[in-house]
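Presented sequentially are two complexes of chain A, the first with chain B as partner and the second with chain C.
Showing the complex of A and B:
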């Protein structure tokens, strides 16, 4: 209350970020034996920002909570999910109702595979989506333009999802987001199963969206692809963000990277050291008192096993580690 | 196009299958009747008393002592010529009996098939959309109760309530008593049809409703519905756009596959309401040892059920775009 000027200053800084996720925790309520309820925590104390005109890559192995984060932002979590923390869009805290109003209009999702298309509906109808009466012709025209731009032949319009090839499917999925006037575009795992050419093509579409002023959030486990186009990389591990680094930090032996896990990720790449580290990500039902990376960390000390490390801003990035300065 | 050719080939194959099915069914049912304690002479005579000499002549006429193989061949031979023989209880050609009775039953079966299909589908969609709510539980309970209800019992209950106590509908038969056939109006027929059709419909609802409910819940938790939600679609529009589209085809297929249960239900319902249809004729033919009629009905009902299954197959193979695609690539 007292420190108004500071709040204002903070508010201004936030307005930069189109999406601001702060201290987000997500858990699922499950019934174990009989009627005993347990809470399974899948995301904890996660903070992340996506800026207009930038691509933020969210990188992490499977099970780190990447997809669930997108579902949380879009408000499409299953009913047994419990969400804490706040999600701000354009400076405004989102309620479930806001999310329902914004999705499809302000926030768009590019899903990861063709199974996200209705198998019994023709592709063009799905790209256009549910339209208000009177706007059909306009949307149809827009869809044709986008298809042309993406090199999708007119006959693709009349195809069913199962008839699309991998590359075509990717382009169709991307075009669903381009159809909408969305400012925040969340792209879920766009790269698996794509050949080099289609991969680069897809990445260029994403870059294009960012260049037009949208904030793009690229969810992926393909760090190489992410590095090609992103501005910032958020590294996910066991349901939280360990580091947000700038793309320039990923070079040489990774000495500019702040977190040991990010360094390990970088050094695991074939063109770098091609070295894997021991161990695995803690399971979701494992209770970890200290740092989630404690078990596998080479820098760990006693402090790390007690309490989650605080977030520190270092060198234009963010890190959750006790041992960096 | 080639699609037409494919359908023709498909139907050709199906017809071959039907022929072989009919061969087996006719042989097996003939043999079953042959080794059952049915005496055509007794059946023909009924309660009439005749001399031993007379009886012997009749036995010879009915071929009681002819070997079974020869009997079967005789019967099958006439069948091929379109001659189903003469019904012993109705004293007219079997084919005419079946035609007349089937027409009456067709009205009953078609109306209850349609009503149960539409009503069941709607109930299933409503329950699936409101999964876990009171409404869903009410519909589910209703379906479970129905599924556990014997047809004839429900028929009796409805008959007691609506015909006996309330007197809204006639007690039985398919046309009014004591009215010349040419004077029977459409409304007379309708009045006699309502209660049996209602019984059959109400019972048929359970299966299709439960199936639709399950399927809709499955569809609504699919990736593509999640994505549609992420794009701002919601509520009834979402269900109509993606739910119904993906549930309708399997539901219609199931409804066509239920022809056999429909026929079975008709037999029981007609019995309770003394509705003069094919079901009642089946029971009479069985009880009064009318072998030609019984075998005729067996064959006709085989064709009936087969046609239902075939329509289901056609829908499955030629309307669903996914299956269509697979067919053309293999």
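Showing the complex of A and C:
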């Protein structure tokens, strides 16, 4: 890539980044025995940007801190959480109060499953949410239109969450985000358990939202689904981002990918090599001094076990690894 | 030698059949894929084959014989969410040996470490719990394994780890596996044959 395009891309990034998370760390204070406290670090030195009109996929295994990042952005962390670093929205640093004001209006969450819905309330009322007086009819009309657009039959309106099948539930959850004209939409694990048709439908709804100018953050462990629609992919591992890659980097044997973990993830897909590397993500209570991927890395050297590697910008992406250039 | 479900019909309500006249056969040593839409009744079929549901019509037989009413069931089912299929108040070693004593070979091939034994389920990740669930299901008398979306919640590396282990073991012990999944690529990679659920179930869905 030439210098000029790189500068352009950088300028564009600045102008369009709706959400900017910088050097975020999150830990939980826990009681061990008696009054002794420990600090459990779950996210460390994490930075990402979500741009308007783009889909940023956040890919990582369970326990990598994906959902906690969303909770931090929405301000719904429990009271024993300790948050450091900066979360900027539209150029402004977000305080807890800002988060409370923005969520549900400018920032919307499409939750992982129907368990996030009220089991004793009809789904249509939950999709509409709290509305101002005088607007009820308008919102009802809008909700019907959206349901129709998503192929949800009129009787679904009157159903309770437990009556929905997996695919229907997903469409209902997505429609909650479409109802409000949110600018930042965070979608948490929308794909597990969906058949191919429903999966592609769900993904096309997300693409739609991005095309209308929203920034979409797609949280998933399903790298295949992420590749279908995203613009950028942030790879999470043990509470930090190891790489932010462009979708085009995922091809062949993954030689364009910057981090050994991303390469391993790519080569583990059944349609690629179906090759598994050994070991597992460090547990949250394991203290790691060096690179979080050290144990499983084939490129590791002495430097990697001492201190967290610095972030480097390479080929239009970002990577946290000592051994790339 | 095969696990057979013949003319199985099932519904939770009268006049609303989920399964209508479904027949399926799984041979020993075979890896059979089952693909179907969400909500179409695949999991219900799995439960019937593994003896979790009794109130169905039709017949399930194991190697030509009826399913034993007592003792260890040679058909073992593993679910999508491992955290929901273990007792949260038991330690891992009790969970593991719930049905039978699991041999060291199995533990070795799943990479289950001894120091995980004294942990509680919430101290292990989803991938590790799923290895315990699979090891637990692969007791010495298991002849058939039903894998209902067992890696759907896991990342690609853990998925590859788990399937490579399972495939080795079932090959060695001549176990038949029914793989239920939405992921075509996975099914194509690991299965010898594929069945489409809509072709064997005579029910229309909305």
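One rule holds in what follows: the second predicted complex is superposed on the first by the 310 of 325 C-alpha atoms of A that agree within 3 Å, B and C clash if a C-alpha of one lies under 4 Å from a C-alpha of the other, contacts with A are read in each partner's own complex, and residues count from 1 in each chain.
Simple rule for what comes next: contacts are C-beta pairs under 8 Å (C-beta built on N, C-alpha and C of every residue); 3 or more make two chains touch, one makes a residue touch a chain.
Note that this is a predicted model, so its numbers are computed, not measured.
Asks: For A:160, select first, second, both or neither according to whether it touches chain B, chain C, the two together, or no partner.
Replies: In the superposition, A:160 touches chain B alone.
Asks: Once the shared chain is lined up, is A:262 touching chain B (first), chain C (second), both, or neither of them?
Replies: Neither partner.
Asks: Between chain B and chain C, whom does A:180 touch in the aligned arrangement: first, second, both, or neither?
Replies: In the superposition, A:180 touches chain B alone.
Asks: Check the residue A:108 against both partner chains and state whether it touches chain B (first), chain C (second), both, or neither.
Replies: In the superposition, A:108 touches chain B alone.
Asks: May I ask you to name which of chain B and chain C touches more residues of chain A?
Replies: C
Asks: Of the two partner chains, chain B (first) and chain C (second), which one does A:223 touch, if any: first, second, both, or neither?
Replies: In the superposition, A:223 touches chain C alone.
Asks: Thinking of the overlay built on chain A, is A:192 touched by chain B (first), by chain C (second), by both, or by neither?
Replies: second
Asks: Per the contact definition, I'd like the list of chain A residues that touch chain C in the complex.
Replies: By the definition above, chain A touches chain C via 60-63, 153, 165-168, 192-199, 221, 223-224, 264-266, 268-271, 274-278, 280-281, 283.
Asks: What residues on chain A touch chain B, complex-wise?
Replies: Listed in rising order, the residues of chain A that touch chain B are 74, 76, 100, 103-105, 108-109, 111, 113, 115-121, 129-130, 160, 162-163, 176, 180.
Asks: Can you list the residues on chain B that touch chain A in the complex?
Replies: Going through chain B, the ones touching chain A are 222-224, 226-234, 237-238, 241-242, 245-246, 249, 320-322, 325.
Asks: Can you list the residues on chain C that touch chain A in the complex?
Replies: 35-39, 80, 111, 123, 125-128, 149, 152-161, 163-164, 182-186, 188-190, 206
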